[in-house]
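Notes for the one structure printed next.
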Amino acid sequence: MSYLSTVLLLAISSALINNMVFHFFVGCCPFIGVSRRVDMAFGMGAAVTFVVTVAAFLSWTITWFVLAPGAPLTTAVWRWLRPPSSATPDLSILCYLVYIFVIAWAVQLVEMYIRKFFPSLYKAFGVFLPLITTNCVILFVCLEIMKHVGPIPGSVPDPWRLDKALIYAVCAGLGFMLAIVVMAGLREELELCDVPAPLKGPGITLAIAGILALAFLGFTGMDANLAKRFQSSALPEGVAASTNPPTHAP
Amino acid sequence: MKRNPILDAWLVIALSAGFGSSLAAVQAALKPRIEANKLCDTLGQVPVLVTSATRAEKVVVGDRVYYRALDAAGVTVGWVVPASGQGFADKIELLIGLDATASTITGIYVLDQKETPGLGDNITTEAFRRRFLRKPADVPLSVRKDGAAAAHEIEAITGATISSESVVAIVNAALRQFAGQLRSGAIRPGGIP
Amino acid sequence: MSSDGPTPAERFLRGILPENPVLRQVLGICPTLAVTNTMEGAVTMTGAVLFVLTCANVLVSLIRPLLKPHLRILVFTLTIATFVTIADRLLAAFLYDMSRQLGPYIPLIIVNCIIIARCEICASKQPVRTALMDALGQSLGFGLALCALASVREILGFGTWFGKWLGWRVLPVGLSERVWAPWTVMILPPGAFIALALLLGAVNWATARARARKEA
Amino acid sequence: MSATMARLRGRPFRGGVHPSENKELSWECRIETLPPPPVVQVPVLQHTGAPCSPVVKPKQEVRAGDLLADSSAFVSAPVHAPVAGVVQRETVATLPNGRHVKVIPIQTAADQPTPEDLWADVYGGEWPLDGVEAAEPSAIVSAIRAAGIVGQGGAAFPTHVKLTPNPAKPVDTVLVNGCECEPYLTSDHRLMLEAPRPIVVGALLAARACGARRVVAAVEDHKPGASAALRAAADGAAFEVIELPTKYPMGGEKQTVRAALGRTIPTGGLPLDVGVVVLNVATCAAIARAVLRGRPLTHRVVTVTGRGIRTPKNLLVPVGASYADLLAACGGLAPDAARVIAGGPMMGFSLGSFQAPVTKGTSGIVVLTAADVRAVEETACIRCGRCVDVCPLNLVPTRLALAARHKDWTMARRFHITACMECGCCAWVCPAAIPLVQLIRTGKVQMQKEAGA
Amino acid sequence: MTRSPHGPVPREAAVTASAPAPVAPAVSVAPGPHLHAAASTQRMMADVLVGLAPLVAVAVAQFRQHALFQMAIASCSAVVSEWLFARMRGRPATLWDLSALVTGLILALSLPAGAPWYAGAVGAAVAIGLGKAIFGGLGQNLFNPAMVGRAFAMISFPAALGASAYVSPSLGIEAVTSATPLTAFKMSGQVTPIGPLFLGATNGSIGETSALAALLGGLYLCFRRTAPWEIPAGAILAMGAAALPGLAGGGTTWTLAHDLSAGAFMYGAFFIATDPVTSPLTPRGKWIFGAGFGLLVAMIRRFSGYPEGVMFAILVMNALVPLINRGTIPVPVGGPAPQTR
């Protein structure tokens, strides 16, 4: 499979099939809270995509070099501190703590940077930035990256390198943006509808999300079939399944 | 008067220290148990997949991992081959049990899958897994929708042909590769004590 | 600070219905949707949230005189992340199955709005007893919402209730497919959204009705 | 050239509708004169612009054509006595469009011209072309202003304002609007058949006044008689006649200019912006009468028609006669009459009382029966987009109405509510019977009000 | 006495000023326009029923009592639900606008002949409840009710509405013993000949088997202007465009004609995508909607796990309609209105 097709697959899979909101249910609060107007939703989506990319970069780097069991940097320091030891140090219990700090810091950083260099952009979506700190999408993407970096770098057959982590983050962010912008379009329309009073607001928004989730189920399996197609165009005989051992096998 | 931000944050630093040490304690206390749980997930299946096996031994060939199933006397009584591949919705992860000569399937187990509940996820049922019992491991298996007739045929789950085919394809690919390793001598064969 | 606010008992009761975090405040929607396809998931998540919220509220309340306003959120986050990590490891050690089923949703408790909100609104201002009762009330309210949703979803979707742990079947075994079949959609994402939408609608409807009755 | 192209394409303008015309009810009826009613009530405001102040006192005797009220405002037009008689005390009348205006009642004197004399005075007799050459442009404009001429095509805009040359916006064409696209109405049609000459002369005078070199008359192609009559009356003068496909609202100036000349009037603009002045045929005839005979605008042709009236007619009536007078002159209402409309059935207003006076802008009275008036209940908009398909201005009527309903002026602006000309095509076609035009109309007013507040 | 001043009066009715006064105004006052086209919502819905007649006929001819059973279940459920939900909201139930019946029938025609009773019943109830009533009823729903109901039922009862449901020898109908054309193609690349596909001698949902019937009924709707022609035209063009790479490659057996006439494509393009309520308002929007629908169907058929994509494509495009409407606000003739303030 060419690099391009890998990227395409990852994009389709994270934006459409395993959409943050409709498949993983993450980012529901902003999805419900900030989807009243299309321009606001667009701003929120753009801000999330931006922050998630920065956070993904930081968390991949830290996980790969420091936090994962047997990470190179930690191991080197460990060995230097206690030369005779050959045990692999494991800092993975600190993952969650580190990620949440990375996210808070990334948000600050992005906010400062944008305020300084793109004041108009800051006006457009600066208000969303503090809210993003507590947005599940970002943490979820960090956790997903953690899962794919693997317990011991090199021991996982196909661990995510930085490029994959970043592509995943951008596409997940774009998937979130797609969801929230589409929802905002629908909700603007909804303002003009006679929705039953008890369902106004979050109720009808969730119901629409349900229908959208039904619609997005139509993309199920698209990544698999595309992968098959890419593979069969590369290999003479269509090999349907790879034989990677399970990632969490000891 | 400008205050020192480090001093200002003494509480944060103190808390971090406290939390750090409690996490270290938790890690120390629970890690073995968690590791055992993870291992159990795979190795716990060995006696089910290969009857008469009591324990397993990891065999690493390149980036592949296999398990040699041993009986109480340390005799190789079979193999457990981990395999994974694309299913209908997402990746399916399997364990395949083989007899000592790697010629017959003695069982399969689904470690992980995200197929549609009520349909594709029937691949985890006993009924489906039993269809692989005593099937030949040296001939590629194939899927039949209306009842298996030949020895190498597996009956598909009604309404989940794609998942069924995926499982069969994963099994075929994994077994072909395993047979290759055996033949090339990368793995010391078992079976003949 | 204010000693004439609600008593600890009132706080406890309020969290369960009038200020139910999910049904009335529409907070913490992500875990609510993600773990409620089985009762087991709902109960485990409730337990995890109960643990984290109680510990965090109590700790924050204890150190409340030392809190500096601008470092407040940082301290909360640090506290919550630590307790979540502990909860996560405990689950992996003692309920490995559930830990795998809930996957990332346990660590996601860190960003769960309910917990930060309670630390901010209540624990950082109230004595330990109040903070504790508040945490218990909110967690039970959260659990109530989760269980309500999970009951609907598991019964319609699988035809069972606590099917994994207790094996209780609601639909008779061997019911013909021509007569009735479970609604798979309820276990999947669309069902989660739709069921929660209808649950919110029902609660709002009932509240409005009760209020109208009282006024009449 | 482009007009030919437009006709070849068969789509002179986008949208539009084909309501059943029912013009045959009255288009064979020759124009009759209405006997002067005992009292005429002359409104002091019959036009778009500033109202006039009376210059006569109660009990004062006036002759036909005497000035009754005037104003010093530029956008205004004086009113004159249509009949000889005695002025009564001012009262207030409610016009069909809902506006309350002062009226000057005149008790008709016994001595009135015979119908023949009246006809000869208004439209009959000779209309020499050489008068055109003789007239000074500025003199033409002041004669028009003095005669109180306003547009008789519907909007009743003071005509001298349109014709006063504007150096910034030179006019090259006078377009004579003989489309009469409203169903049922035939007054312009009859006028073109029976008095084409004053129309031609008036149009040429107007062209001279505003400096236009070209004069074009546009007539819908279901009135071949009318275009033939105009051509014959042109008699070698520089007066073209173009036949346009029949479609409502071909008479709307945006549509006529587009179809006849291939020019597009900008939204919010006037024909003047593309170098055109549009005049109704009756307006042209009134110009000729004012310039050549020095007579003011006091009479006009009104079609009284519909299945709900006993005898449909085209009547030459004095301004100020009441609707009741006109209905009575046509034999009264039939038993199944269900709705009486001032103006055409697409843009006109339904009448609750028949005491209101006819004004310079009144083109017809249509009496519909219960069978004509579709009694369909309003249902929900099903977003079918038919209103979008027929809107001649390419608007989205359903959204405009929705915005007006929800008082969402941002949305109203986004969908260009101010561009709507209220032609009624959208409401005509709507399967859900939504009163789109009414909603849009009130929305425009409210939006203006709130923007001003 | 009045006479015409220039010639005889054409009608002899001599009118005097003292003619009988008009009868007391027993007249109604209403805003203009005072004339209306002979169109109504009910008439449009009735038109759809007429347009569906060929499909119903083929369905009954092919699947006999099973087709009747599905249509009866879904229509009854839809109408009863409409009444029930209207009652729940305290609104008058407008059953006579026939829209609920249309929804029920369209849903029924998209079901397999052998579907169990609850598939149609639950599907239609969900269609009206979740697809329509929750948004405020007729004209306000954002998603096609029938497709919401079908999606809910299909995901709920994958065994009863999925690929395997179409192969049910127990019905005793010969056509229903082999896989549907799309499933056959998906699974084994097998192409069904165009003749049977077009005329309806294949297996499938009861209303989708004959492309000819859908085309006839659909053209009737377009001709009556009940359905906008832009949507099916856009869909067919897009489907053609999606087939181009395949055709150019030459090595494929997937022909355009098969693409167009297999499965529910024609039925969807003419009857479902054209639902006025859930499609864009302007002609340009309709083109975009139709083209998007066609592309999505092609994409889902080719690449996703499902053999057919009509239902999903409709729902996805429905979600985009507000954005399409927003992007296709037409410029008024003469340019945008000058913005005051």
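Per-chain numbering from 1; labels A, B, C, D and E assigned in written order.
The working rule: a contact is a pair of C-beta atoms (placed from the backbone, for glycine too) under 8 Å apart; a residue touches a chain by one contact, two chains touch by 3 or more.
This structure is a prediction, so every number in the text was calculated from the model and none was measured.
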Note to self: Over the chains that touch one another, what is the least number of steps taking subunit B to subunit D?
What the structure shows: 2
Notebook entry, point to check: Which chains, if any, touch subunit A and subunit B both?
Noted result: C, E
Checklist line | Reaching subunit E from subunit C through chains that touch each other, fewest steps | finding: 1
Checklist line | Innermost chain by mean C-alpha position | finding: E
Next item on the list: Would you kindly say which chain has the C-alpha centre located farthest from the C-alpha centre of subunit C?
Entry: D
Margin query: Need the most distant chain from subunit B, centre defined as the mean of C-alpha atoms.
Written below: D
Check: Which integer distance in Å separates the CA centroid of subunit B from that of subunit E?
Finding: 48
Item checked: Separation of subunit A from subunit E, taking each centre as the mean of its C-alpha atoms, in whole Å -> 38
Margin query: Please tell me the distance, in whole Å, between the geometric centres of subunit B and subunit C computed from their C-alpha atoms.
Written below: 33
Note to self: Quick check: how many Å separate the C-alpha centres of subunit A and subunit C?
What the structure shows: 24
Next item on the list: Would you pick out the residues of subunit E that each touch at least 2 other chains?
Entry: 130, 137, 140, 151-152, 155, 158-159, 305
Next item on the list: Could you check subunit D for residues that touch two or more other chains and list them?
Entry: none
Check: Which subunit C residues sit where two or more other chains touch them?
Finding: 74, 78, 82, 85, 89, 182, 184-185, 188, 190, 194
Checklist line | Contact pairs between chains, per stated definition | finding: A-B, A-C, A-D, A-E, B-C, B-E, C-E, D-E
Check: Which positions of subunit C touch subunit A when the two form their complex?
Finding: 26-27, 29-30, 33-34, 74, 77-78, 81-82, 84-85, 88-89, 104, 107-108, 110-111, 113, 116, 185, 188-194, 196-198, 200-205, 208
Notebook entry, point to check: Okay, in this complex, where on subunit A does subunit B touch?
Noted result: 90, 93-94, 97, 157, 220-221, 223-224, 227-228, 239-246, 248-250
Next item on the list: Would you tell me which residues of subunit E are touching subunit C in their complex?
Entry: 116-118, 122, 130, 151-152, 155-160
Notebook entry, point to check: In their shared complex, at which residues does subunit A touch subunit E?
Noted result: 38, 181-182, 185-186, 188-190, 192-196, 199, 204, 207-208, 210-212, 214-222, 224-226, 229
Item checked: Complex interface listing, subunit D residues touching subunit A -> 402, 406, 408
